[in-house]
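Here subunit A shows up in two complexes: once beside subunit B, once beside subunit C.
Showing the complex of A and B:
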């Protein structure tokens, strides 16, 4: 137990770090679902972003090129989803599943094309952390909160920004109207199709960014299965956070904490099989859903196709 | 009177077009996906025609290879039936992989600890797999019924838990010495193999199960109710169907099928659990079911097609050094194109177009018929006058 207490700053710092990919992707899904687009292909989008970020970073040597590539990859893959679900009205869940099969296959394929079948993992670039002056000098929480990679600051900034967008601005309210009642929104002159496409672009970019975080900030290697269901955990974070930016942040921090906790426990507690620690994030997601989710919430027209007249 | 029959005819013609197109959609999807796959291979500087020749000669070249393809299709038949059964009832079981794995874990435990041998042992192992698969699915089903939780998310979370649990089993409880894997199941519990072939009796079981599932879904009142709930839960409830119970039962049956698949894969092909067992079978099963438009018999054929691709992919990798992942890309493209094709058919615009097409084809015979009728009318009048 003592070891865990002494590991507390580590846990806090790891929590902040592990929350970032979940938060980026959960906000991506928030933007998508607010416009009525349920995207369960987040895992796939993340793996696309993870590989593109890794490759671009590896070959250019600049992590920011990787970030850009990750976002572009996410957008490109998600445009397939956008075209099929918006234009052809394919079931969103079915197409999300297809993306979950397509994107990891693409990632695995291009990794093997780039590096052959060798078992040694290629080492990519890592993004340096940036300390915020003064704030990072606060004992214990300072290094944990204010010594992060730039992507982490961006992720946390997105929370208040998206909350303001959805509640304070006409554009944001119009955006949400598309998810609540597209027919009514259309009669009010809101561009429903355009909003939905925009939602898919934002979702793809942020999911790709979340994936790129994994290969540019979390580890410096790419391996198949690196996403490990984080897309689905982010999906539950949106439900758990009741489609509010702040709620999503809390949910992601809970799941990020579990992720951090399991790593610390694995290192510090011998004897218990490590698999049980690795189960923690998934089990907590399940328990959190069972305990805190109420049945009918979220945008009213979420997941429904919109037949434009 | 004649106007009504005309309209009926036109509708049925439009419906016939729709049926033909929905049968063609997956075939066209396969064609387009192969073309795109070929372009990708060509971009790597390899010859796609040679690649595909290797793919199909490696999976269908001789009876041995066909047998391997069928064996690798076997688990997909189970997971696709599992996915189709649940989705027929309107619930999306994405946890096929977890149920498959837990079924195999149950089987290997029974096989290594019970000491029952021969056919009773095999039956006991498979029964254990079925029950544990069903229980694993029941967790998601209960969460869905009681708390209204999205069954997709819960079943996927349980996939990860199952994979980790299996890893715990083969690294700790039933570890085979220094290797991170379980010992092999006893020889007497391995499924019967056709002499000279790698094909095992589980493939036959899979085919029988497919026919059984097709019969239950299409010919029994239970199957009718399941499909009714899938098509319209509200109308089903109004008609007095126990909607929640039906969802619950079909989800559990789905899990049982997947768990049985895990048992059969273990006893027929792998014989032991190790890292990577069952990986990807759940999602691939969903893919197969979607391409087959949830038809069990269709799933059988699509699963065999997927098995052919899997087996051939390694020949292609060896032959022209194209990573096997190309096959997964082609599979994913097939789903995207076939579901898009189906959705396109259901668009109001397309329906209108098909109706117009049917009307145009109808126009000629209908006009001729009208002329005949008027002729008959005049002759009748003449007859009366006479």
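Showing the complex of A and C:
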């Protein structure tokens, strides 16, 4: 118990760090679902972003080039999803699953094209952390909260920004109308198809960014399976967070905390198989979904294709 | 009075079918102009042309004297044409205010300014006497208020010509009266209303002029003051319309089902049954009259085995009912025309043929081994027979039942339910939303079945329908039986009072 107590600052700092990729991708999904597009291909989008970010960072030496590449990769992959679900009205869940199978395989392929089939991991660039003056000097929480990579600050900023967009702005209300009742939105002159495509672009970019965070900030290497189901955890964070930005943040932090906790436990408690601790975030996700979720809270037309005349 | 809008020689072709054939329609400022026609007469197509959802194959539209081309709902809205759809186009999760201001640019700032929006909308609502709680979510509103939100939505977009597509179909009588007075205050401000309906009584009550459509053509335009509902009905169906008058039965056979002191959710004022006793006999129609929501749905649930009464018993000739399940009631010969044909009566995505055998899949006429393997050819033949016998108008019995009009959907249900010659037929709102022709068809079928010895429980919110068909009338009020009256020479006044709980 003492070890865990003394590890508290570490856990806090790790929680903040582990929350970032979840949060980026959960907000990606929030934008997608608000326009009625259930995208379960987040894992796929993340692995695309992770590889593209890693490669671009590795070859340019500049993590920001990697960030940009990760976002572009996410958008490009998600445009497949956009075309098939919006234009061809293919089932969204099926397409999301297809992305989950396609994108990691592509990522694995391109990694091997670039580095051959060697077992040694290539070392890429890592984004430096930025301390915020004064605030980062606060004991315990200072270093945890205010010594982060720029991507982390961006992720946390997205929470109030998206909340304001959805509740305070006309454009946000129109955006939500598309996910609630696209027919009605159409009769009101709202561009339904355009909004849905925009949703896919935002979702792709933020998911790619979340993936790139893993290979540019969290580690500096790429390995197959690096995403490790985080896309699905983010997906459940949106449901658990009841499609509200703040709720999504809370959910992501809970899952991020579990992730951080399991790492600390792995390090500090010997003798227990580490797989047991690794299980924690997924177990908590499962329990949270079972206990706190009601079916009828999401956007009303979520996941349904919109047949345009 | 100045002419606001004129459609000249509009034709609209879908494939080989002419949905509108040389239709002309002129609407003046400040008038209520009714479009009257049976289902499929081309009313909706014409209005979709007017609001820009369809482009006409030929013909011209003039608005305020100028020829215009309407490319979409947005165009129509900016010109001042707005439509209230029969199925509301509202977002349930949002408030009335949000629904009304959604997608507009009346307020140029990108930030929402709810208090200012609210002031403007409230002003508009007060001006036309539209009572709406602007902060309530649509999901929590009554149907009547939702409709007022729709009207406000159209007015907020600056409409001078409002199209109301069958607006009373979903309203109670009281709510409909409210709508009519709103229409009056609209026309008083020089706005024009195109009113679509096939309920003759209200058409005669609210219209200034009436244009009758039949088979896609505009038959004529009449001034309301110079016509009669008989003339309109004749024009609408294309031949002399004679409303059937049915013989009343005064000496029915033995009881098929008796309810003894049945209660279901008795604590509810609306939507429960309290100590209801009534019996339905062979060869008679028992009509249940009452304002919607006074226990009618619950009564239908009990007599079809959907719900088990909280107390009381249901007796049939073979004894007291022990198991309340639709299956056991069906096996006992109870047939059901449910109140909502789309959600309870039919499976929309399944074909007409499949819907027709839905209750009899294990019948050996249709399958081997009690439903293990379908005899497709027999099913098809059966469906063709039913289609012919019941005049189900469709391209093929294999098309999804969803694609049929309401009247034809009801005929599919009727065919399925009456095919087995049930001992008891429960018909809940059997003609809701149907036009004159289909209504007559349903009524004739019910009377035929009665004369063949079937007991029928008719539940309807249409008092005229209850009076016309019933051999015995039971009035429900707040879940209680207020009285039982003979169908022959029914005391209309007394029954009306009973319906109001007096």
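We take it that the second predicted complex is superposed on the first by the 309 of 309 C-alpha atoms of A that agree within 3 Å, B and C clash if a C-alpha of one lies under 4 Å from a C-alpha of the other, contacts with A are read in each partner's own complex, and residues count from 1 in each chain.
Everything that follows uses one rule, which is that contacts are C-beta pairs under 8 Å (C-beta built on N, C-alpha and C of every residue); 3 or more make two chains touch, one makes a residue touch a chain.
Note that the structure is a prediction, hence the values are computed from the model and not measured.
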| item | value |
| --- | --- |
| First (subunit B), second (subunit C), both or neither touched by A:262 | neither |
| Which of subunit B and subunit C A:215 touches, first, second, both or neither | neither |
| Touching partner for A:106 - first (subunit B), second (subunit C), both, neither | first |
| Partner chain in contact with A:276 - subunit B first, subunit C second, else both or neither | first |
| Subunit B versus subunit C as contact partner of A:98, first or second or both or neither | first |
| First (subunit B), second (subunit C), both or neither touched by A:186 | second |
| Superposed model, subunit A: greater residue contact from subunit B or subunit C | B |
| Touched partner set for A:300, first subunit B, second subunit C, both or neither | second |
| Contacts of A:171 with subunit B and subunit C, given as first, second, both or neither | second |
| Complex interface listing, subunit C residues touching subunit A | 53, 72-74, 77, 83, 85, 89-94, 98, 101-104, 107, 109-112, 153 |
| Contact set on subunit A toward subunit B in their complex | 40, 80, 84, 88-91, 93-95, 97-98, 100-102, 104-106, 108-109, 112-113, 117, 228-229, 232-233, 235-236, 239, 273, 275-276, 278-279, 282-283, 285-286, 289-290, 293, 295-296, 307 |
| Complex contact set, residues of subunit B against subunit A | 40, 44, 92, 94, 143, 147-150, 152-154, 156-161, 164-165, 167-168, 171-172, 283-284, 286-287, 290, 323, 325-326, 328-329, 331-333, 335-336, 339-340, 342-344, 346-348 |
| Complex contacts: residues of subunit A adjacent to subunit C | 167-171, 173-174, 176-177, 180-181, 183-190, 299-300, 309 |
